[in-house]
Structures are given as C-alpha cells and as structure tokens.
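Heads up, the thing below is written out as structure tokens.
Chain nomenclature is as follows: A, B, C and D, assigned in order of appearance, with residue numbering initiated at 1 for each chain independently.
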Amino acid sequence: MNVGIIGATGYGGVELIRLLENHPAFHVKEVYSSSQEGEELSNSYPHLVHKNLVLKSIDPIEIKKEVDLVFASTPSGVSSKLIPSLIDAGIKVVDLSGDFRLKDKSLYEKWYKKEGADADYLSKATYGLSEWFQEDIQNSDFVSNPGCYSTATLLGLAPLMVEGIIDESSIIVDGKSGVSGAGRSHSPLTHFSEMNENLKIYKVNEHQHIPEIEQTLSCWSGQVKPITFSTHLVPMTRGIMTTIYATIKEDCETEHIHKKFTKHYEDCKFVRVREKGTFPFTKDVVGSNYCDIGISYDERTRRITVVSVIDNLVKGASGQAIQNANLMMGLEEDAGLKIVPIYP
Amino acid sequence: MNVGIIGATGYGGVELIRLLENHPAFHVKEVYSSSQEGEELSNSYPHLVHKNLVLKSIDPIEIKKEVDLVFASTPSGVSSKLIPSLIDAGIKVVDLSGDFRLKDKSLYEKWYKKEGADADYLSKATYGLSEWFQEDIQNSDFVSNPGCYSTATLLGLAPLMVEGIIDESSIIVDGKSGVSGAGRSHSPLTHFSEMNENLKIYKVNEHQHIPEIEQTLSCWSGQVKPITFSTHLVPMTRGIMTTIYATIKEDCETEHIHKKFTKHYEDCKFVRVREKGTFPFTKDVVGSNYCDIGISYDERTRRITVVSVIDNLVKGASGQAIQNANLMMGLEEDAGLKIVPIYP
Amino acid sequence: MNVGIIGATGYGGVELIRLLENHPAFHVKEVYSSSQEGEELSNSYPHLVHKNLVLKSIDPIEIKKEVDLVFASTPSGVSSKLIPSLIDAGIKVVDLSGDFRLKDKSLYEKWYKKEGADADYLSKATYGLSEWFQEDIQNSDFVSNPGCYSTATLLGLAPLMVEGIIDESSIIVDGKSGVSGAGRSHSPLTHFSEMNENLKIYKVNEHQHIPEIEQTLSCWSGQVKPITFSTHLVPMTRGIMTTIYATIKEDCETEHIHKKFTKHYEDCKFVRVREKGTFPFTKDVVGSNYCDIGISYDERTRRITVVSVIDNLVKGASGQAIQNANLMMGLEEDAGLKIVPIYP
Amino acid sequence: MNVGIIGATGYGGVELIRLLENHPAFHVKEVYSSSQEGEELSNSYPHLVHKNLVLKSIDPIEIKKEVDLVFASTPSGVSSKLIPSLIDAGIKVVDLSGDFRLKDKSLYEKWYKKEGADADYLSKATYGLSEWFQEDIQNSDFVSNPGCYSTATLLGLAPLMVEGIIDESSIIVDGKSGVSGAGRSHSPLTHFSEMNENLKIYKVNEHQHIPEIEQTLSCWSGQVKPITFSTHLVPMTRGIMTTIYATIKEDCETEHIHKKFTKHYEDCKFVRVREKGTFPFTKDVVGSNYCDIGISYDERTRRITVVSVIDNLVKGASGQAIQNANLMMGLEEDAGLKIVPIYP
C-alpha cells in the first residue's frame, strides 16, 4: 500500500519516515510540503541523506493517484484548511494536528485561539485513541490522532473512569514533556543555552489538550468536571510523563485498582502496566510505541497516583498514527511497530 | 569569625566553601571529615585546587578551640550521633541533615527507617526556615536546616496557610529536582547514561520531607491533613521546582491571592514573587539563594497552582544554612549571599 | 537461525536485543549471564518488560544445542577465558570485547594491563571491520568485533591510507564519545551530577584502541608510525565523533580527495560520505548502523581534516556485530539493519 | 567608580552584571542598548528581576557624564561603528567584540566578511590577554578583549612558544565549546531538540579566531606558521576546552615542559597548572575566571598535548574584561573576581 506524508518537514513527518522504514505493508511513496516543494528533504534532515526524498506540492487530485492513505503532519490551523479537499478526493487520512479533535468548534476557537474547522468535517473525524476506540477507527476513513499529553493522560485515567473508581471532580494532571513536543521552529523557550539545565512550566490550566481530555473523559463518565492541568518542559528531547492525582470514591486497596488496570490492558500490545509499587521512567519507552503505566494508592490521603509515560513523537504522535492506519486498513495493529525502546 | 565545615566532602560542604569565599564576616578556618582525614580536599574536588584545604578529624574539643560555629553537612543518621557532643562543647551548630527536623522521634524512625536522635537534643533544635522563624533562629545556638523540597514547598504554601485561603485537606505537591539532590554517591539512579534524557519518579508518597512539611504546616493552621507528595528526578544538575495544587475555601480572585503573597514577602530579601500570571523557571535562581514564586488561580476548578523554585544546593541547603548562621550571629541576613543567579 | 547473547546485561547486550527484534533470519533464542543466572533480564532493564527473557548460565555444550551463533558481549578479560571453549564446541562467535583484536599478545598486555588470550585462538580470530575485510569475515567462524573509536577512526582513515595520500607520521586523532561507551558500571567519571554540563578528557595517548588502530593501518601501508590519540567524554549518551588530522604528501585538491572517499565507499550500505564542505553531526546516525564522513582540505596548512561519526553502541558495537554475523552466515550484509536514525 | 555596560541584553552583558555584583570598586551605574531602550532588562532576563535595571539609549556625551569606563558587549560589526565616538568622548573602553583584535584591517575583512574598523582606532586598541600583556593593558584606555577560543588556546600555547619548545608549523587545535558561545539569538544550530544529545563540528579551519591566535603567537616567535583549527559545539551551556597538539623541536621530558608552565604562571592568579599527568575538565572552572591547564608529552610520537579549559563567558569574555578593567584602573587584578567555580 502506498502512503504519503504531508508536512514531512516537521518532527512528526520525519518520525513517520523512520517508523515506516520497515513497515510490512505501507510504503512511503511521496512526501509533500507546501513551503519547500522541489527540495530534497535531506537538505533539512541530513540523517535522511540516503533516502533521496524530494518534497512535492500538495495537490489532492495528484495525491489521490499516488497514495492510498495520507498522514497529515501539518500544524494546527493548517490541517483544517487542507484536509477537507483530501477527504473530498476520497483519500484516507490520519491527521496529527489538533484541528479535528474537538467536536465543538467554539471550544476549539476558545482554546486554540484560531478559526475552527468546518463542522461537517469535524463530524466525520474519528478520535484515534487506539486502545479505546478501536472499532470506530477500524470503520473510519478519517482519523484525528490524539495529542501527546492527551494520549498519556487518557490511557492513565481510562480504567479509573470506566470503573467509576475516582471522584471525577478531583483530577489533577501534572504533565512533563521533552522539548521535541514544541516542534522544530526555534524560539526563546527552546534555545539550547536557556532550556538546558532548566525546568520550565508553561500554559498552566491553559493548554489546548485540556478540552480534548475532558471531551474524551465524558465518553466514560457522565460526571466529568473541569480538570486541573499544567505542563512543564524538561531538558530532554523525547518523552512525556503525566503524573495524575485523583481521590477515590470508596475505600479500596492498591491491589484492587492494579487488577483493573491489568485487566483492561491485558490484550493491548502497547500498554504495559507495571507491577504494583513500581513506576516507569520516560526512557523506558523512548523510540517505541509503548505507554507504560504505574499506579499507587495512598491510604493516608485516599488518593491514587497514576504515572503514564510515552515517547511524545511515537505513541504521542507518529506511532499512534501508524497504529490507527493499521486499524483503518485491516492490518495487524502492531504492523511495523514491533520496536524495542532504544536504551540507554 | 571562624567557622568550620563538617562533612566537607559532600556537595553541601563544597557549596558552603563556594558561598563563604566572599563572606564579609565568616572565615572557613577548617574543614573536617570522618573518613578522609589528612587528605587534600582538592583530591576529590579539583575545582578547589587553589584552596589548599586539608581535611581534619572531628574532635569537639579541638573544634571548639578553632571555630565559633560549625556547619554540619553530614548525612542523616550521622548528624544525630555527632552533633550532641558539639552542642555539649558549646559550639554553635547549623545542621544540614534531616536528623533534627522532626520533633517526634518515632515519626523520624518511621520515615527515615533509622534510629532517631536523642529527644533532649531534638528539643534544642530550631527549625531554620529563615523567612518564617527568624526570631527563633536569632535566639538559637542550634539550627536544623530545612530539607530542599521542604523549603520550596513551605515557602510556596505559607501565605496560603497563614491566610486560611485553602482547604487544608486538598494539598498536592508535585516536586521535581535536579540530580545533585541525590548527593555524590553514585548509584544506578544517577548513572549518567540512564539519567540523561530521562525523567524519573521516585518515592511516591514516601519521601522523608513529607512529615517535615506537615509538621511545619501545623504551625500555621490547626486543620492540617496528610498531603500528597511525589518527587521526580529531572536530567539537570541543580534546581528544584515544586508545583503545588490546592482548592480554595471561598471564592476569590487571583489578584487577592497574589497580593497576600507580595505582602508576606515584601521584606524578604530572598523571596521574589513574580508578577501575576508569570511563573519562574529553575534556571532563574541557579547559584543564588533566591526562592522565586508564581501563583495562578483557575476559576474552572477553584484551584490554585503555586510554583516555587530554588537552587537545591543553595536556598535548599548551604545558602539557607549561611542565612541562618547570619541570623544566629546577629549579622545582616544576606551577608555573603548577595549573589546574582548564574545565567545562562 | 537461533542466536544467543552472552553478557546480555551490559549495554552491548541489550542493544543486540533491540536490533535483532526485527531481524529476518536471526532469532534471539537465549540470553546468558555468568552473574545473574535465573533472573529476569527486565529486572535490570524495565524497557524489556514485555520480552520475558530469563538469563541462563553459560555452558558451551548446552549453548551448542540451542543456538547457531553466539554474540559475546562480555568485558575484556572475560572473553579471553570464555570464548575458547565456545570455539572448541563448534559454535560460531562474534566477540565484542577487545580480547581478540590484537594479534600480538604482548601488545595486549601492555595496553590492557591484563593477561592476554591464548595465541592459538588469537590467530583464529578475524578482525571484523566489515567494510574492509568483508571476504575474510565471510569465511570466518570467529570474528573479533572492532572497538568503537577504532571503527570511526579506521573508516575515516582507510581511503587516505590505501591511496597513499597522507604522511603516515602525521596522524592525530581527537576522539569524542558519549558516556554509554563507559558501560553500565557507575563510577565518579559517569556520575550524572558531575558528567552533566561537563567535558572530560581521559586516557591521553593511553587508550587501548591505539594499538588496534595502528595494527589495522599497517594492513594498508608499510609506513605506519605511532599515532597521537586522545579521547573525551561528551555529556550525551550515544555517539562518537573522531576528528582526524593529517598532512598530505603531495599537493592536491579537496575535490580529488573527496572523490577517493566516495569511490571507496560507493557500494557500502552503511558509510555515507557527505558532500564536499559539509560535516556530519553525531545525532545524524544515532540508533543506526551508519558511519557518516566529512572531509575538508586546508591549503594554508596542507592538512586534511576528516570527521567520522557513528553510534558507539551500533556501528561501534552491536550493529557491526550483526553486520559481521550476517556476512558469516551468508545473509545480506544489512539484514535487520535497515534502520533510519532516530531524530531528533 | 561608575561603569556602564553597552549591549547589556546579550550573554556577555548579563554576565558582567553578575560578576560586578560584588566588585569592591566598580558600580554598574547604567546599562545601555540600542534596540531595547526604555525597557526593563528583567523583561528579557527574569533572573535579574530584583535589580530594576532600565536600558538607556547610547549617547556618548551622556555616557561620559555617567560613567568612568564602559564595557562594550556589542556584536562584531557594531562595536567598530560605536566605539570610536566613545573613545573620542574620552571614555575608557573594554570592547568584548572581535572588531579591534586584528591589527590588519584586511585580515578582519577576510575572516569576518564584514567591513573592518578604522585603522586609527585599531592602532589604539590594546589586546587584552591579561596574563601576557599586563603592562600594556595597565597603560591603556582602550582594551580589545580576546576571543574565547583565543584565550584558551593562547594561554595553553604561550609557554611553549616563548620557550621555543615546539615546531611552530606543527600546531593543531581541536576546540570544543558549550553552546552559550553562540549567543542568545536562536538558530537551527542551537535549537534544543537538535543540539541536545548531539556533538557538532563547525567552521573547520574557517573560525575568525584563527588570525587572532596567529597574530598573537607572532608576538612570541618569528617562525609562526598557519595553524589547523577546528571547533565543536558540545551539548552543554558553558565551558571551552581546547586540546592542542604540537611536535617538540628537541628531545625533552614531560617534567621539563611542566616546569616551564608552572614557572610562567606561578604569579598568575587565574591560571592553574595541574599536576603532571592530570587534566582539567570544563566543569572545574565554570562560573569562575580560572584557566586550568594540563600537559602531557608522548615519547612515541614526540608530540605534546596541552589541554586548556575556561568558562567561555568568564575568562573567555566578561571575567577577563573585568580583569582588564582592573588593570586599566590600577586595581588589584582579581578585584571582584575571587570566585570559586560552581560545582557540581
């Protein structure tokens, strides 16, 4: 099957190229870019010097002829304008931007401070949290890939919500991310000399993944309340850890909660629930599509702490996008994604 | 005034040497070590090669002859055995270990899993959170220096507690520390190849600073409940950030809360409350004795987020120890500590 | 084909497991360890938690029954004692240690300061610099895998030596390595707080890869003289860069030299010679088996500067070991190694 | 004495503010900027939030009224236009840019690819390598502060040149720098995600410090030949290491060479020659004005290896600038610079 990548000059794009190198069914036929058409991709990314990929302009009619599915790794605000024509041309799409995640256009405009996508297309998009909406994804031609923080947070909260274990008004998420999540455009925030040996907090209760998380939590419980959510930049390139705090509704034991997690995820190839009392580190998943989860319950405070780690560019972006494309195309969910984390 | 440093071979010890280099009143007369007596300190720390400091053995009688005050930078479990004899010899002491922080010996033994210090000496120790117990410290001959996480957390929580703004049962502290907090002894946790490009969580609800924080919060409110507290190792050498979450008791505005902070800290030379809506990064205080604080209130959730940053080795250890010694000796609180953070 | 890994608890061992995950012909049947037999490997390496690998003791007779080829990733000084019995048992071996690289036992003992391997077995070992001794490797049952610095240096120098371009007495190699090259045992040198934000030089003209490089250079020229060689630890986990300086024998042009490099490496799948005037960075090859090379000639000084980068754990260890095993087994040289570098 | 800082918004400028905080004689009266006049400096640098420094425009007449000496921390190409009017106004100047270092204007234009400064003013500038041109500096009103690589290289080479120990045509300098040397303007080269975990080589034999080094070497020997010089960016913020290689003229012993170094630097407060066989690491000098030097001689190759480390922002820029200003003003050379390196 031929696939194309739009927005191949961003980190999500080159990560797709890396991951698809050994995919048994998908072949990266073309890479597209609106700004660098005609250029060798390796001019921007010398690590790809052996690949000879030349960026093509974005023309839905031509794309339709060349590929069966497109990964759109364009920024928020660009996807909303670009993707409708691809859908109309009958191309299957996995969109990695935030433009089609929120079903409520006004919510998008409030949090993203940009014009939202057309409502018709919003309604066509399937939210691609692979482990929890597998059937929907299998039946979809257009998947909106979840945000990186959202993926880590939702995989950590889902069993608690589904099982009704926690007080829905008590959720606090302390998110920490490697700097690659901020993309390739350089800014004072990501200048090496000032990001190195530094820990930064940003977008306290203002991150655009908040409404995405709340919308998805509502699928699992009717009682969802606003969550507290803050995000930090950690001086490392890859990795997200979300440390999640919530109060339990009724007395219980760690054992009980831990079992719910292992049961919910026992058939999931990419979620590894750690043994009771042990927690994952971000490096344990780098380069791979795994989400590793640790759980602990504290009797003193009646609160649960859930720790969920992913590689923000893999399970938090390009890896999950491929997982979704696999599901859409009727392939094995882990086709091309049987990757051992790179360690150390 | 002559001062001595016991345990000069640890990071707290060499940081005292750095900070005291330009102190107007304190002169580092001797450095002591129980394990490396007779050795040049610069064998272990070549950056001190110009200082010609030779480690002496620890003999209270001799120490009394040589110095007026001792900084004890020995590990927990060692200070409790060593310091009583120094006190008995009439030496003023600032102890940087955790051995004399908890008034309740059984609490120490529960959290530190070691035998606690003698109760008589516990009662003599003044808790050295300089900004909030200044008078006690000025009148004390024996100060127990606060823990690094405790300092950042308590300075962030104090105005909220004193003013009765937050629900005491709602406190959640997400702590993040640079790796120097783990000291100089190497372990798998601090091995470069596995700590670099990694974010680690540890001691979830089990950190020994928890009872220290709870004990101090009780000074400010009669309603204190157990807190949720987790700690993370960030791939950087210096810096602590605590992100603190709490629910307000009554409706209020950010403006109101922010004013309480600025008022409480207006005469404090080392606490810098940031403007409303802005947050400090750890690098903003590295090398200095500052604690920078940012506050934000979220109407959606009725929760406050307080961010407090310090250099774990300065305000979190050696800097605050000097601040306390200044107070004990009747000097200006900031003598020798007028240091601009090293940036970038 | 079943393969086994001896010394699976080191970084070379786990890297073999990562790389072999998608190998089309090799299946990691067993992992062996002399010190942790019976243990789950994931106890030491949680990133492998899904693999369920249990360490077995090392018994040549049993190993012979279980696998066709063994990768020995044991430390220098251990391989020399272990491998003869494997060879005698008729097992094919790729040894990643330094024990069988030097043909002259006394040279080994001088530079490694350990007892050398038995001369009979030394003579059986084929030096596995894949690109230059391909035929020998194809016909060998026992390959000694080159050192990491040696690989980068030799691939950078080979065309210059073979073509007789440089004065053999003028070679200076300034090597820089990520810290994973120092292995997993922690030491003051690799303690995070002191290795981070630090650049260290070590083993100036004393590195054990010096005689290995000189021995191999002698294969290409009869005029080889002692080289100047120093090594630095860079605060990063993976990657080696060698910056090589040498004086040309006769006037020439960059163009001419560059062509020699491209010609020599045109059929090599893992050597990417960069365009004239451009140089590779270490990150361009991380996670992959590539060696990227840049060349520049300076008319002012009549000296050539060659820059050669590899991932020390891949082309500098486990990747080249697999490349050699592929050759020994008659497989495609790049079987299982078609890996795009992980970037960023 | 009042001093001013022009170009206070760069790293050199804020480092001057840090270092001058405790200077016994210099008081930072004003900070100037051509681009951000009227702004609070702490808007750009929150770590200075307690200082209340407002940037003023650059008017030589006004500056003359306000300060006795100016540190010009403006970029190359700006200083050449700005400084003549300051000189004409009778203000003493230490210029941290490269604009007045090369006596030969055409050489400047060749290497900097910019228009050079007026020859009259070039001839007035004293080259401020403090340890070697102390008297000239003491008698000067206008000092051109050396480049960071130049300082490390020249302090490492000077005793060898002065003593005629090495073959002047054999010098090879492998320079490695932390990223702060690239300044505050962000670029792809200094983007965190791509500079982190990466080692980059740049400006091979094209660095503008080459002619500066060669010009200064000529002060010590009539036989100076072009040097080979390459520069690398190391993933750390501060620190420079130059690894210098040269062939000796006549047989000698390490002992002999080492003695020459210790003798030449015995009265220098900021040069610490390490014991024979030991080498400094960059972290040993971070935050301080020290230059630490290690030397080794290799009999096999008849080559010397000299390792010289500095903090690029201190001895490589602002620290040496203050050292020079001290000399110009008849103060103790180390006034305000008695700083212990920050470690770890």
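Of note:
In this text, a contact is a pair of C-beta atoms (placed from the backbone, for glycine too) under 8 Å apart; a residue touches a chain by one contact, two chains touch by 3 or more.
Predicted model only: the values in this text are computed from it and were never measured.
Most remote from chain D, judged by the distance between CA-atom centroids, is A. A count of contacting C-beta pairs for B-C and for B-D identifies B-D as the more extensively joined pair. Averaged C-alpha coordinates give centres for chain B and chain C that are 46 Å from one another.
The distance from the centre of chain B to the centre of chain D, each centre being the mean of the chain's C-alpha atoms, comes to 36 Å. Each of the following residues of chain C touches two or more other chains: 11, 178, 180, 193-194, 196-197, 235-238, 281, 283, 344. On the side of chain D, the complex with chain A involves touching residues 11, 178-180, 182, 184, 186-188, 190-197, 235-237. On the chain D side of its complex with chain B, the touching residues are 11, 14, 17-18, 21-22, 45-51, 180, 196-197, 237-238, 272, 274, 278, 280-281, 283-285, 287-288, 290, 292, 338-344.
Listed in rising order, the residues of chain A touching chain B in the complex are 172, 174, 176, 178, 193-194, 196-202, 204-205, 225-228, 230, 232, 234-239, 241, 243, 245, 279, 281-283, 286, 294, 296, 298, 300-301, 303, 305, 307, 309, 343-344.
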